[in-house]
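Next up, some structures in structure tokens.
Shared between the two complexes below is chain A, which has chain B as its partner in the first and chain C in the second.
Here is the complex of A and B:
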């Protein structure tokens, strides 16, 4: 019988939507086996986020609310997850595949001597055990894997799992006692760069507009890529080339080493389509490529390809969409 | 100061990956190998720290068969002093690798470990975090800026997170995993290659190290991702808008 612990993620108290995908995964596993899942949320001042987790059929929403957990520091968070997973006798600990989970979950897994699979896109019960599919080699290989052990750690790709169905009955919220004095303190939070306000996160947006090498400077990026994203109510993204040349910040990079996005619409403007970039966007529902070079690899994955200079096509597109 | 830098032998990042027809493994026939690019960034950072601090003993370590010597020699040619090869023919997962690296850590007692945030073959992004948990020390992952503080007892690290750059100060010893933007690794020079031939490279068995590991991840089958169905070329912006509105219905 599965007993799953889902680790929720939030941004200063605002629940990350990817958490719902991890809960959707848990619900899928529970439907295939008899089992239940709990959600653990850690932080400070997180009662609203915790409240919003109660409507999805979890056996409980466990709330570790403490000033000591204000920032998601791996040593402290892994310590609490270790404690809760033991107390719950969890058989699986699951988080969405994000930098938050990737930082913290492997640490907690090793504390519990548990194996881990990253970037799961499919799960199937097989007898008493499970078979998972995950992506590797920058998305060029899908592996079917088994993971031995009574406790398994997983990160799941948000795009691969739908949010769980809502239930009328609310899950009980239970506080998790945190003894701040016992938490490790090898890592101290110093600061976080201010977020650019106004546009949605590319991992959560319905539309993502990304710019590549064809964009010559930051102003043009804002005018063309930002402008197109804004008329579509979407997020902006970037290829590695623009980050490397300092035109866009690191946090915009889409790809194997950046963010993995799977929106309904992805517009790649002036992006050639290196495999490392495509690893981050090819699960998109509809891909549009605009590129001067008709041979660019991005056209091989695009549903709609327009061979054109982004400096001409994008302003025209913005104009037409504004009408 | 001593810095330990694990190097993984991986398929060259520019190689087109082919899967064997029976789906049992990646076809490595005729494929070029390289030091995992993130590990090369870790080694470059160690070399720069040595240049700043004045002295540092940089030890590179790899886990695998004899073929990993190629990557260890590349690390020595970049400037590491010494190389260790933990010999095994088993295909190990991240936790097993972390256990082996923990044993190496206890043997070498470095001031800290610099390693890539993920290997570009299995893309797991786990080994560094697991290693720091096993050692009970701090970690800073996905680091794109690194500065040693307070007489090299702490490291101030800029971490690349989904929400942007987060800065943490981690007490040393610690495990620091490197992201793409930390630096650009130097090219190996000819004198470097000549020198590397004379540098010590020690081979260690798992038995010598006193570690028994089992791998819990079993790969049953590999397949290529589903192909996207061929798209269409549109000739004008008008046609594109029409298709997105009336055919794909996404705007």
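Here is the complex of A and C:
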């Protein structure tokens, strides 16, 4: 019988949706093995986030709310996870595959002398044990693996597991006592640099609208690319050419030397499709290209292509989408 | 009386004795200085000096011959000194003068010693004397002319030329020796009063003699004696100072020309056994360089030709090949010389203290510095040897490190699925080796041709041309992997070897002998890297192959009508094609055919062309690194290309295609960048 501990992830009290995928995974395993799962959330001022976790059938939502846990410092978080996992006699500790989990879970696994695998996309019970599938080499290889030991640490790919089904009955919220004095303090919090809030991050968004050399200045970029992204609820991206000419900031660049995005819809407006750019968006589900030059290589990868001037087509598109 | 002059004439016996004592002293100081440097070089990794002379005279000669040939042509012949305008010519004048005066002095001493044995051996007289005096007089002028040019140049301090306080001593001493030599001749003639040919054979001396016309014989003799000593002491000082000043290149230069690796585009392989034995990869301390490399840094005159040719330096990156050589030299001198045991300051490290990481990563491996060095110093190998160590220690991060990981996982630097490698060729009618086992030539597509939509068009054009000419070819399709060229140049030797071995096995499976490639980096790697691991192939560039097809009449070129619209075109030579492998005429031949004779179609050259080409910025793994947009190599080169007024920039390399497209697009949108094969296909309307 599985006893799973899901580590919830949040950004200053704002629950990260990937947590639900980890819970979905837990629910799936529980269904196969008639086990149960708990959710552990750590931080300070997290009651709202904890509250929202109660509707998914967890045995309990454990809340480690302490000023000492305000910042997600790996040494402190791992220490608490270690405590809780021991007390709960957990057989699995699960997080979403994210930078947060990569930072914290291996440390907790080490404290508990447990094995860990990352990027799980499938799980199947086999007798008392489990067989996992995980991706390797940027998705080129899928490995089927078993993990030894009574306690297993895992991270799961959010896209591979649907959020858990909601239940009518709310899970009980139980506080976890944290003795701030006992927590290790080898890691110091120096500062946090947050992006200005607004559009979603291009690496997480389901829709990304990117602009290329055809865009002449920052205002046009905001009006055309930003405007289209906003009506679609998507993120904005840019080719290197626009970053070079100072029209867009470095943080928007998609490509070999920028961000790697994998949205469901990628609209490339005025982008010719150099390999350095394509390397950053190759995992997109649907590519739409708008370019004046019908010879542009981007049309060879696009699912939908529109040979048109960005300055003409995009405002029209925005107008139609607004209706 | 036949023309001659007495050796040591007017010099008393006592002075002659002191002269010989001083000769021995200055030679000893010279020899000690050389020995000191030699001890430094010896601390490098052995280059098998003993091997050179082993196996009898004939075999030894075979091994020594190429080096000796280079010494003759590049040392005595000054071949590599040429090509820097006036400075190159001045050096040749100075060198010719110096060598002739040196030879003359040696002959004089031989005559003196020979006549000491018997007057019958005395040959410094008669017609020999006349020719001797005249030749030395003329070459002395050449020598001084060269020296004065360099004195003038040094006052102007060209940015790329190194400056040290001792340089003034060196130049001053050379000039004073030359001038006092003539003065001495004039004074000698003033007291000797030669007549006829004996006087006329020394025209400069004769002229100077006029200045002493009023002097008594005794005065002339006294002055001659004093100037003789002054001249002699300067010469002794000069000889003694050779190993301690820039003059060291007299010795280290020729030695390095003799020992240096003469082939561009080659890197020495490392074996696992070597790594296990030495417990390191590449160079992390100055003693990890080989003995020839340590010798080479002593040959550097800081002439700065490498710096002027370096694309990284030209775009303000923290790399100057000259600086690297000089920094290694400084560290060698500092860390390998015997030091007092209680020295309580720590020695600087090679990495970090002496050579910065950014310096190493700035290199595009374009080989321009290696090509221009008059004494065959190879800054590129110094850099790649150090890169190997840094990569091995995990010091390479960012996008280039990602590219290396992807080469390993997906056999291409973009991390695109290896299974998709042949997708581009569907429906083209390009058979794989499996489908056409009797192929004559293998077309190597490379990663760009396989995955980059832009470069795929180049590959398609080549295939159209091959089919048009009825060439029996095949491709490897999905079995092809990245050659690993940029991994090797970045310093990841074992990733390269892994990829190379896999490719060599595949090529062996299909018994491949002749390979056609449109990528000069693949070409160089298949040709010069793979041969080190058992892959021997004839490798030719697509422009060479196509140019041959045209010459053989296998591609029918339409007459004047129906030409492409390339307009004024310039050709950007890829470093690894033109400079490293000497292929620069075939692409031009194909281009001329593609352009035809239509008015407005014209091939214009950039200032830096053929072997002197300027990098696009993508070599040496730089393709995978971000570059500050304000100082991009590609922008600089694109500016040069646009400066010709070209409407089409032709290239012969997929890296250049990417970089030049970017560089051109940043400056104009009315100029296109095309591969040579695309332009020909366009002309042929296929």
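Rule of thumb we're sticking to: the second predicted complex is superposed on the first by the 210 of 323 C-alpha atoms of A that agree within 3 Å, B and C clash if a C-alpha of one lies under 4 Å from a C-alpha of the other, contacts with A are read in each partner's own complex, and residues count from 1 in each chain.
By definition in this document, a contact is a pair of C-beta atoms (placed from the backbone, for glycine too) under 8 Å apart; a residue touches a chain by one contact, two chains touch by 3 or more.
Everything quoted here is computed from the prediction, not taken from an experiment.
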{"item": "Touching partner for A:145 - first (chain B), second (chain C), both, neither", "value": "first"}
{"item": "Partner chain in contact with A:137 - chain B first, chain C second, else both or neither", "value": "both"}
{"item": "Greater chain A contact set [chain C / chain B]", "value": "B"}
{"item": "Touched partner set for A:257, first chain B, second chain C, both or neither", "value": "both"}
{"item": "Partner chain(s) touched by A:213 [first = chain B, second = chain C, both, neither]", "value": "second"}
{"item": "Partner chain in contact with A:282 - chain B first, chain C second, else both or neither", "value": "both"}
{"item": "Contacts of A:241 with chain B and chain C, given as first, second, both or neither", "value": "second"}
{"item": "Touched partner set for A:301, first chain B, second chain C, both or neither", "value": "both"}
{"item": "Contacts of A:273 with chain B and chain C, given as first, second, both or neither", "value": "second"}
{"item": "Touching partner for A:109 - first (chain B), second (chain C), both, neither", "value": "first"}
{"item": "Residues of chain A at both interfaces, chain B in one complex, chain C in the other", "value": "136-141, 240, 243-244, 256-257, 276, 282, 301"}
{"item": "Residue ranges of chain C touching chain A (in the complex, touch as defined)", "value": "399, 403, 406, 409-410, 414-419, 448, 451-457, 624-626, 629, 658, 661-662, 665-666"}
{"item": "Of all residues in chain A, those that touch chain B in their complex", "value": "11, 73-75, 78, 98-100, 102-111, 113-119, 131, 135-149, 184, 186-195, 201, 203, 207, 232, 240, 243-244, 249-251, 256-257, 259, 264-265, 276, 282, 285-288, 299, 301-308, 313, 316-317, 320-321"}
{"item": "In the complex with chain C, residue positions of chain A that touch it", "value": "136-141, 213, 240-241, 243-245, 256-257, 273-276, 278-279, 282, 297-298, 300-301"}
{"item": "Contact set on chain B toward chain A in their complex", "value": "11, 13, 17, 19, 26, 93-95, 98, 117-118, 120-134, 136-142, 144, 156, 159-171, 174, 179-181, 216-225, 228, 231-238, 240-241, 243-244, 248, 250-251"}
